[in-house]
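Here come two complexes built around subunit A, the first alongside subunit B, the second alongside subunit C.
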Partner chain A sequence: MQDRTRTRNIYLIPYMLWIVLFVIAPIVLIFYYSLLNIDGAWSFENYKRFLSPIYLDMTLRSFWYAFLITGFSLLIAYPTAYLLTNTKHKQLWLLLIILPSWINLLLKVYAFVGILALHGPINSFLEAIGIGARQILFTDFSFIFVAVYIFIPYMILPIFNALEELNPSLVAASRDLGASPWVTFRRVIFPLTLSGVKAGCRAVFIPALSLFMITRLIAGNRVITLGTAIEQHFLVTQDWGMGSTIAVFLVIAMGLTMILTETGKKVS
Partner chain B sequence: MTKRLGRLPSIYLAVVFIILYAPIFYLIYYSFNSAGNMHSFEGFTLDWYREVLQDTRLFIILLNTLVIALLSSAISTVLGVFGALAIKGVKTKRFQNALLTLNNVMIVSPDVIIGASFLVLFAIVGMELGFGSVLISHIAFSVPIVVLMVLPNLEEMSPSLIDAARDLGASRWDVLTRVIIPYISPGIFAGFFMALTYSLDDFVVTFFVTGSGFSTLSVEIYSLARRGISLTINALSTLVFLATLLLVIGYYLISKQRTKPKEVRSVG
Partner chain C sequence: MPEDIIIRFENVTKQYNSDPPVLRDITFELERGKFYTLLGPSGCGKTTILRLIAGFVQPTSGEIYFDGQEITNVPPDKRRVNTIFQDYALFPHLNVFENVAFGLRIKRMKPDVIEAKVREALRFVNLEGMEMREITELSGGQQQRVAVARAIVNEPEVLLLDEPLSALDLKLRSEMQYELRELQKDLGITFVFVTHDQEEALAMSDEIFVLNNGVIQQRGTPKDIYDEPINRFVADFIGESNIVPGIMIRDYLVEFVGKRFECVDKGFDPNEPVEIVIRPEDLRITQKDQGKLQVRVDSQLFRGVHYEICCYDEDGNEWLVHSTRRATVGEEIGLDFDPEDIHVMRLGETEDEFDKRLESYEEVRHAG
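So, the complex of A and B:
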């Protein structure tokens, strides 16, 4: 269109350098390492190991946890976002919902180590109402609960934005035509905010598959996600080949999630 | 629909808010506990704060964290602005989309993958792990965020502004520094701020590439928390929480202030 050929090339140099060094090279290296066995020789050994029952079981469990975390987050976030759009100072309330997500993740998780502990407030409460104290920390429940807690703001934000874009006259029209609130929700509001739901699920599902810090601190070594397994192989057992193989599968899972939650428009 | 439900929506929102904030205030409350645990409050003390402030090791770690955050966000802002200009300047739509996709790969990639692949990258290049590797990693993962923050500003800028500057005899450098950069400054500012929070918040990537001699606040809190509850972490979290709050309020005030001069500038 315009004569900006020479200027364009100058900006492109550092940016392409960044892309090649930190986007393309790392992905290529991960693929390369996944084809090396522990002695550094070429083989498909890692892939064979990944397809063995132990690793497949771990992968399925990791997916199951991620599904549960995404589902519960959605279940809590959708009504919250919907009710937020009806409040008076909605931008302020939204800011307050987002604020906790800016506080260092480690600190929030650490707080739950105290809250869910054997002598913590949750157990004192259970004791007070007669159920009695029990081990909450290091269970599947505590893991999912804390993960949902962490991810809720990331689910609320895109749904809130989608609800804001929804034309209110469509809801009014549906009501005028005799639809019950539930039908209006199911046939009008929800389908029109599906892009927000998809964006939220994408923002939660992929990180949920790769959690490792929460699994270590909250779930002890009970829950092993794909992320935990990668960390284990890279930093503990030093088996980078196997770690890379799991990473390759995580990248594939990521790609599939992206395709499934494709909203058709650019998400920024 | 909401009216018929009476007070239920407000109660629901209140519960969500309480759950979101409870862990943070729980941590802060017990940071003043003289009993040294997170379940029975004995008496008020500032001992834990004294301990944090007297700990020179912790002070060095805090300094490391701040230096990494400021340096990496400044450098990634420059690179990100170049990136946005490069994407904008590319003529073919297909190449533009390819660049955007590669840019987004980094944003959707799970932290574990970024951390592991950077670790492999540094090993291949033969770079020693420590300050340098952490800084480079933080720059690398912040660049795409800056690009995404700057790009919308660049898109909405009318090309006639540049043409006008050219016709009036401005050199290419003048066009960049006196027309483009002032126009996109809200995006640059937002990008810098986002890069800053990403860097301060990051745990996973740093954990992978930090080696043994160098530590940031997140990594330090993780290793402390793995050893169990210690109220110094609580005191530290309170300070981090206050710092986060100040940062957010500061950002809010500055960005509010910045929107005004922009309006004036476009008129005058």
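So, the complex of A and C:
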């Protein structure tokens, strides 16, 4: 018995090292830096600054954008996943949807810069049909559009899996008991795939809170989210303390999101 | 009496993609208030018939009528039938009460009416006091009862049961057979029960439809089907049987295993090749020289109510005997039977031809 626990402990060492070095240590460091002001002295100055209207406004805006991105992803992903489960070659279609997520994020973002640019193909098309070219890049629309495009596979996958696990005779039973297709969706299919929806929202909402590259390249820094602010503090203003403070709030927000989207006890 | 017909299938064929048809040109009628069983091996089309009645699938050709109205393309939620599924299909996110109330809530009944109806339905299936239980906390038998309550609370005119007892253990299963039969009598509605278990079918039904390869082989009361199977498939599928080839020499005289026997069948061509069925319980063990057949006992199993004795005759035909008397393995015994125990089957006869032939001797018997 003892031998077995010992070997098990040995196997745990690499993982434990990883956790300590790359999860626990960074969080402790972030917390430590957040308590230092720009001159390197201990203070709560950063927290006071974070609670000022400028930063609170930025926080609210970050949440609002993350919320919009998650919402639109869900609106597109749920019907897509539902259609996928009813198609013949679902694994192939699923692969085609996942495929873009294997390509480097930066490459995809640059591709969108080209597509959405003032002299890009979309504007040429708009001009050709007589609407005329307009600013698409560096707008809220382009920011949310590209973010949704990037995140959508992470929303589709868990929903697809939940729909696949759904016992088809439950849908038949609901119809049999007098429910129309829409009522069946509302009262049976959606509640029973809610765990997949929650997992998808978590996989999209949390990364969306700390986006910075897309805000820079697609939104042209018109949209400043918490992620952008952290990047700026560390790389531009060199105020590591303030950057860390924002990061502490992001960590707390992520923890809260995890708790709120808790799937609860699994239904078979 | 057309008002007594609740469901009618007219030349219904069902084919998925380019596979061979699951149902081939089926026509039948179901009367109100009877217990019907669709019996057959897996893949015979019995569940497809149920799904067609429920509306989960549409026929490739043909029409389905309910209470005189065509319902071929009516969606399942607009049909006055309810189904009990093989896996019960209870909603795991709802408790017992909400599962049973599901159909009533969709009809937007008043909460106090729903409460009263659900409680009554649960009392009917002996699940009082279980309203707040989660589905996962219930045993298989209790889940089965919830499924029954959830269906009957909607007061359907036809209840469809898709092998609902197959997941239960033997004892619970025979208990539920009684309960379902009682339930059907109490409710007075039509039950269409699908099973591959012939004993279940014989015990519960008013009428059995035996299906194979998408065709109704034979329909009739359990006794008719057991006593007068139309062909080898039905004889073999319903109960144990001894089936041997024979020749109908002339009316009331048949030859098999090299001997001629008096029988009660007629209406065949002279010297027509036929198949003979003798049920194991109709064979009596006698002294070797007194029996109509001489056989050697090969093996014996004690089945509780009877011994199942397997014998072989000189030509190597197997004879199965059910007897309350035990035999000794290796012993030579005689087997005796009466002329009415011999059932003669015409090769490749359709159900209509079979029924006509049976009617013809009924007339003779009544006349004589």
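Keep in mind that, in the parts below, the second predicted complex is superposed on the first by the 256 of 268 C-alpha atoms of A that agree within 3 Å, B and C clash if a C-alpha of one lies under 4 Å from a C-alpha of the other, contacts with A are read in each partner's own complex, and residues count from 1 in each chain.
FYI, contacts are C-beta pairs under 8 Å (C-beta built on N, C-alpha and C of every residue); 3 or more make two chains touch, one makes a residue touch a chain.
Because the structure is a prediction, the values reported are computed rather than measured.
Student: Kindly classify A:121 by the partners it touches after superposition: subunit B alone (first), subunit C alone (second), both, or neither?
Tutor: Only subunit B; A:121 stays clear of subunit C.
Student: Which of the two partners, first being subunit B and second being subunit C, lies in contact with A:188: first, second, both, or neither?
Tutor: second
Student: Looking at the overlay, does A:179 come into contact with subunit B only (first), subunit C only (second), both, or neither?
Tutor: second
Student: Which partner does A:220 reach: the first (subunit B), the second (subunit C), both, or neither?
Tutor: A:220 sits against neither subunit B nor subunit C.
Student: Who touches more of subunit A, subunit B or subunit C?
Tutor: Result: the larger residue contact count on subunit A belongs to B.
Student: Taking the contacts subunit A makes with subunit B in one complex and with subunit C in the other, which residues are shared?
Tutor: 268.
Student: Give the list of subunit B residues in touch with subunit A in this complex.
Tutor: Contacts found on subunit B: 1-2, 4, 9, 12-13, 16-17, 19-24, 26-27, 30, 37-40, 79, 82-83, 85-87, 89-91, 99, 102-103, 105-106, 108-114, 116-121, 124, 140-141, 143, 148, 151-152, 159, 162-163, 172, 197, 200-201, 203-204, 207-208, 217-218, 221-222, 225-226, 228-229, 233, 237, 240-241, 244, 248.
Student: Across the complex, what residues on subunit A touch subunit C?
Tutor: Going by the criterion above, the answer is residues 167, 169-170, 172-180, 183, 187-188, 191-192, 267-268.
Student: Under the touch definition given earlier, write down the residues of subunit C that touch subunit A in their complex.
Tutor: Touch list, subunit C to subunit A: 54-56, 75-77, 81-83, 85-87, 89-93, 102-103, 106-107, 136, 150, 154.
Student: Using the touch definition from the top, list the residues of subunit A that touch subunit B in their complex.
Tutor: For subunit A paired with subunit B, touching residues are 1-2, 4, 7-8, 11-12, 14-16, 18-19, 21-27, 29-30, 33, 76, 79-80, 83-84, 86-87, 93, 96-97, 99-100, 102-115, 117, 119-121, 124, 149, 152-153, 181, 184-185, 202, 206-207, 209-210, 212-213, 216-217, 226-227, 230-231, 234-235, 240, 243-244, 247, 250-251, 254, 258, 268.
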